[in-house]
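You will see subunit A twice below: alongside subunit B first, and alongside subunit C after that.
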Partner chain A sequence: MKISFPHMGYSYLALKWLVENTGHECIVPPEPSSRTLDLGVRHAPEFACIPFKILMGTYLEVAEKGAEVILTSGGMGPCRAGLYWVMHQYILDELNTGVKVVAFEPPLCDLKDFIKKLRWVRKTGGLSVKEFVQAIRITWEKIKAIDEVEMLSHEIRPYETNRGETTRRLWQALEMLDAANNEAEIKDAMQEGLKLLQEVSQDHSRNPLKIGIIGEIYVVLEPAANHYIQIMLGEMGVQTDRSIYLTSYTRKNTIVNLEGDIFEVAKPYLGEAPIGGHGANSIGETILYARHGFDGVVQLAPFACIPEIVAKSIIPTVTKDYGIPVLTLFIDEQTGKAGVQTRLEAFVDLLEKRREVKAKRGIERLVI
Partner chain B sequence: MSKIGIPRTLAYFIYFPFWKTFFEELNQEVIVSSPTTRDILDDGVREAVNDACIPIKLYHGHVAELASKVDYIFCPRLVSVRKHGDFGTETFCPKFLGLPDMVRLAMDNLPEIIDVRVDLKQGKDELLNVCYQVGDLLGKPEVEIKGAYQRALLIQKRFKKLLSQNMMPEEAIDILFANGERKSLLSRPDLQIAVIGYPYAIYDDYINGRILSLLEKENVKVYTQDMLSDKMMNRQARNLPKSMFWYFSNRAVYGALHFMQQKNIDGIIHITAFACGPDSIVDRLLEIESRRHGQIPYLSIAVDEHTGDAGVRTRVEAFLDMLRFRRDKS
Partner chain C sequence: MIKGYLGVDVGSVSTNLVVIDDQNQLLVEQYLRTNGKPIETVQQGLYAIGQELPADVQIAGAATTGSARYLTSLIVGADIVKNEITAHAIASSALAEDVKTIIEIGGQDSKIIILRDGVVTDFAMNTVCAAGTGSFLDQQASRLLILIEEFGNYALKAKNPVRIAGRCAVFAESDMVHKQQLGYNTEDIIAGLCEALVRNYMNNVGKGKEILAPVMFQGGVAANQGLVQAFNKYLGLEVIVPKYYGVMGAIGAAILARQASRKKIKTSFKGFNIQEINFKTSSFECKGCSNACEVVQFYENSELLARWGDRCGKWEMDSM
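Take a look at the complex of A and B:
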């Protein structure tokens, strides 16, 4: 079968490997471009959020290339992302593309259906259970390795002396990971990639601002949707920490995972959790970033994203209580890169000024 | 005796009789905000977060109107009212889930907010538990609360029955509490149309450009999903690949599918709010389904704070003309 899937950040490298190694042909989803968005906007409902529109465009693009099946995720709500596949299927049918969308619902909600779909993918590819499990294991290792190098790149970028070097090396590292075929190779490629990044020429006399990136998962994970915000900020000399990685929940080393239940942290401000998507997380994460001495937070969300609107209406109170500035960027098909950049530059200027003022006050206190 | 304020929007149109009876049985005075006006809307736009949809902004406006007049604002956190949906996790739009917090943190000088959590999928006595919590807050003994609860259930049942006799909520509320009389029915309606949407969009005359009175004037008989019994609606669930996650959306979708199968319905009007999250799915789904159900005419009207009566009237009149033309041709 010719299988495709949604493009989300760099995870496509691992998913491509999975599809190819389970006996199927992979139609690799192209990185979302302005054509993708145009196609999506033309056929998606007007008020659908930007992830829906980008995925719609991606599906139409892979359909052109001959994809027969699209594997994606379902959901239990109340975020509408869980109904994406239903609408995508309706619209793909209307356009007579002949593509079938197969959605994996959360196994906790419907285990039987989940297993049934997995078995279907395995059987049509002609793999034994053992081989299939092994393929999934390697894919997971690959995703973890990809996240690992990406994380390091965001740490190093604000220190680079030659602009763009970190990003170039990140691509090299990802290419090496792409070529790896088993656990040992993935490990080697990762070590090699991490080393490449560490060897970027750096200026450690800098004291970069620290900004946390929170918000809705798709626009946070897909650089093409958020106008490469982390690279943009990094090249402005800002260190960024992202609240969401595909492998987040298995990690112990990210800020977001340090303090246990994020919903408990958000509770004083939001009496109900989860409220769909990452709405409640966004509130909790803002508090965590404030506690960990970050200079500011950028909230990314698609225009009209319901949970993030709830979060946005509550965050000003968190800002007041914890003294952490938050910039909310709602992204839609009209958002331009220059607009995002201007607002980020202004935000970074404010944060720098704030730091200076704080430092001065500290000195005055010392004098007294 | 305290004064309890209930905003005349969102869930008001469906659950008001229950809570009015409940509070009055407990010797409280219930004060409802006035029907939506320009001032209420302007207040709401000022107080609420700018990205919110118009119903949420309106809610803030209604709360602002009540704030100085009452001791409590009744703003329950609606989480679920039944176990339904593919995974039994049907709930409300996330904005309903965060509503008490949004209101409390966005507005100053508010009276105390009664924000009990209504999660009825927990069990069949859950509503009584909710009532105990509310009554407890008002310092009432359990016996009295239980009595009030039973009386409220009874009135709510009567309310539903009136709705099922093709009545609009405000009219039914009038009959229940103010000895109002039933409006005379259209003797020979020219057209029959199903108006689908969330209760707070279709019954709030100000925000939807007075569409219901316009239809009445045009001699059109109007049906809404709230006139159908739950049983009739839930039957439609199996015609969908997956149910919606949201209670009001499920009602709208099931209702619309039901009306699409009725021979006597000439067309369907869907009223939605600008940038409504759930409706981005619901609206397109209904559009496609109406095409599949023998090309039943379908009009979608999105309202926001700039919607004017004239714009809505033009579009509805054009739709009606088209329906009449279509009928005369066949």
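Take a look at the complex of A and C:
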């Protein structure tokens, strides 16, 4: 079968490998562009949020390229994103694309359905259970390696002396990972890629600000949807850590994963009702970033996203209690990045000034 | 010889230039409409302000701000480039040290800046909606056949402001039309519109912000007495409109230029007579990879000054 899937950051490299190595043909989803957005906006309901529209556009683009099946995720709970795949299927049918959307619900919510769909992918590809499990394992290793090099790039970028060098080397590293076909090759490519990044010419006399990136999963994970915010901030001399990586929950080295249950952390501010999406996460993550000495947090929210709006209205209290400034950026159809740049520059000014004032107070205290 | 510092603020609607002295006193100011042509407007503005400037003033520093700040910095020869949020905050706190809140409404954006002890602690800018900014007021004024300068005075004469939906410019307009058709008088409608805009502002950019006095109201829209009154009513306090409310961003830039000049031996300022220079831009699509970045090239006469728009930085020039 010709299979495609949503474009989310660099994960497409690993998913492409998975599709190609389970007996299928992969239609690689293109990076969301203005054409993707045009297509999505034209066929999506006006009040759907930006992830819906970009995905709609992506699905139509891969349909043009001949995709027969789109693998995506479902979801449960109050956020409407869990129903997006159903709506996407309706629209794809209406447009006579003949594409079938197969959504994987969270295994804990419907294990039977999850296994059934996996088996269908395996059988139609003609693989044995053993081969299939092996392919998934390699894919997982690949995703982990991709996340690993990307994380390092965000650490190094604020120190680079030639703008763009880190980004170019990251792309090289990703190309090497793309070519790797087994666990040993992935490991080698990753080491090689990490080395490439470490060799970026750097100025270590700088003391970069640290900003945590939180918010709704799609706009956090897809740089094309968030104006490449981590690269933009990196080039402004800011180190960023984002709350969501596909491999987050298996990691020990990400801030958000250091402290167990994120909902437990958010509880003092959000007692009872689950607000859906990543709303509760956003509150908890702001607290975690504050605890780990971050200078500030940027919240990315699709325009009209209820979970993030609820979180946004709670965050000022967190800011007060923990003394961590938060900038919320609403993301919608506008593609000009000047507005985002202005807000980020002003936010960085604010954080730098805060640091100065804090340092001065520290010195005054020492004198006394 | 007096040292002067130039601040240039190029926004969506207006281009403002000021020169201040060592004591932050405003020497001259220029206010022009950008009309979508930032390069020509800046050239004209520079020439005009140069003509106005007393002969014994010498420019010792220059800075640019506003949405066209980077482009403008190349034309002017700026010593520092700063975003307009920081510039506005600096201008206001130079004017009144204890200012705690700044309301700024310009042509296409509106912002709120919260300061404590002279330091910005929080800010917000309107996101996806331009209701309540100067452009919208301009449009409504011309629809009612009223000069924008007169708009505020109408509002002051109102006895019973009508309620108008302020959530969205389009809805506000149709709501306004309906009220007109029902026979409400123009004064009450305009006052209602002012109140709706203030409500929109407070719900949009002002949401969750701790607004403490003194509150400064600046930006081109602060000329509108109707809005000043509506803000006073909503906030239950008297907002302060600074004397040079329309050019505060440029003043902030000029102050930054003064600070920056202390760290520089000589200013990069190119002078006022740049009218003869031909600044132009051209663009091409980079074929280096699948990103196909639109790279912009900026020329001064035939000399290539800068390039931007590439994501990987390979077209970057040393001058930037």
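What we mean here is this: the second predicted complex is superposed on the first by the 365 of 368 C-alpha atoms of A that agree within 3 Å, B and C clash if a C-alpha of one lies under 4 Å from a C-alpha of the other, contacts with A are read in each partner's own complex, and residues count from 1 in each chain.
FYI, contacts are C-beta pairs under 8 Å (C-beta built on N, C-alpha and C of every residue); 3 or more make two chains touch, one makes a residue touch a chain.
Note that the coordinates shown come from a computational prediction; the quantities given were computed from them, not determined experimentally.
Shared-chain residue A:45: touches subunit B; no touch with subunit C.
Residue contacts after overlaying the shared chain place A:330 against subunit B and subunit C alike. By the touch criterion defined above, A:338 reaches subunit C but does not reach subunit B. Contacts of A:78 after superposition on the shared chain: subunit B is touched, whereas subunit C is not. By the document's definition of touching, of the two partners only subunit C reaches A:164; subunit B does not.
Look at A:353: by the touch rule set out above, it reaches subunit C but stays clear of subunit B. One of subunit B and subunit C touches more residues of subunit A, and that partner is B. By the touch criterion defined above, A:175 lies against neither subunit B nor subunit C after alignment on the C-alpha atoms of chain A. When the two complexes are overlaid on their common chain A, residue A:313 makes contact with subunit B and with subunit C alike.
With both structures placed on the common chain, the touch criterion links A:64 to neither subunit B nor subunit C. Under the contact criterion defined above, the residues of subunit A that touch both subunit B in one complex and subunit C in the other are 303, 312-313, 316, 330.
Considering their complex, residues 48-49, 51-53, 77, 79, 85-87, 89, 91-95, 97-98, 100-102, 105-106, 115, 117, 240-242, 244-246, 274-281, 283-285, 288, 302 of subunit B touch subunit A. Those residues of subunit C that touch subunit A in the shared complex are 67, 82-86, 109, 119-125, 127-128, 207-209, 289-291, 310-314, 316.
Those residues of subunit A lying in contact with subunit B across their complex are 45-49, 52, 74, 76-80, 82-83, 86-87, 89-91, 94, 105, 109-110, 269-272, 275-277, 279, 303-307, 309-310, 312-314, 316-317, 330. The residues of subunit A lying in touch with subunit C in their complex are 31, 162-165, 167-168, 171, 228, 231, 303, 312-313, 316, 319, 325, 328-330, 332, 334, 338-339, 341-343, 345-347, 349-350, 353-354, 357.
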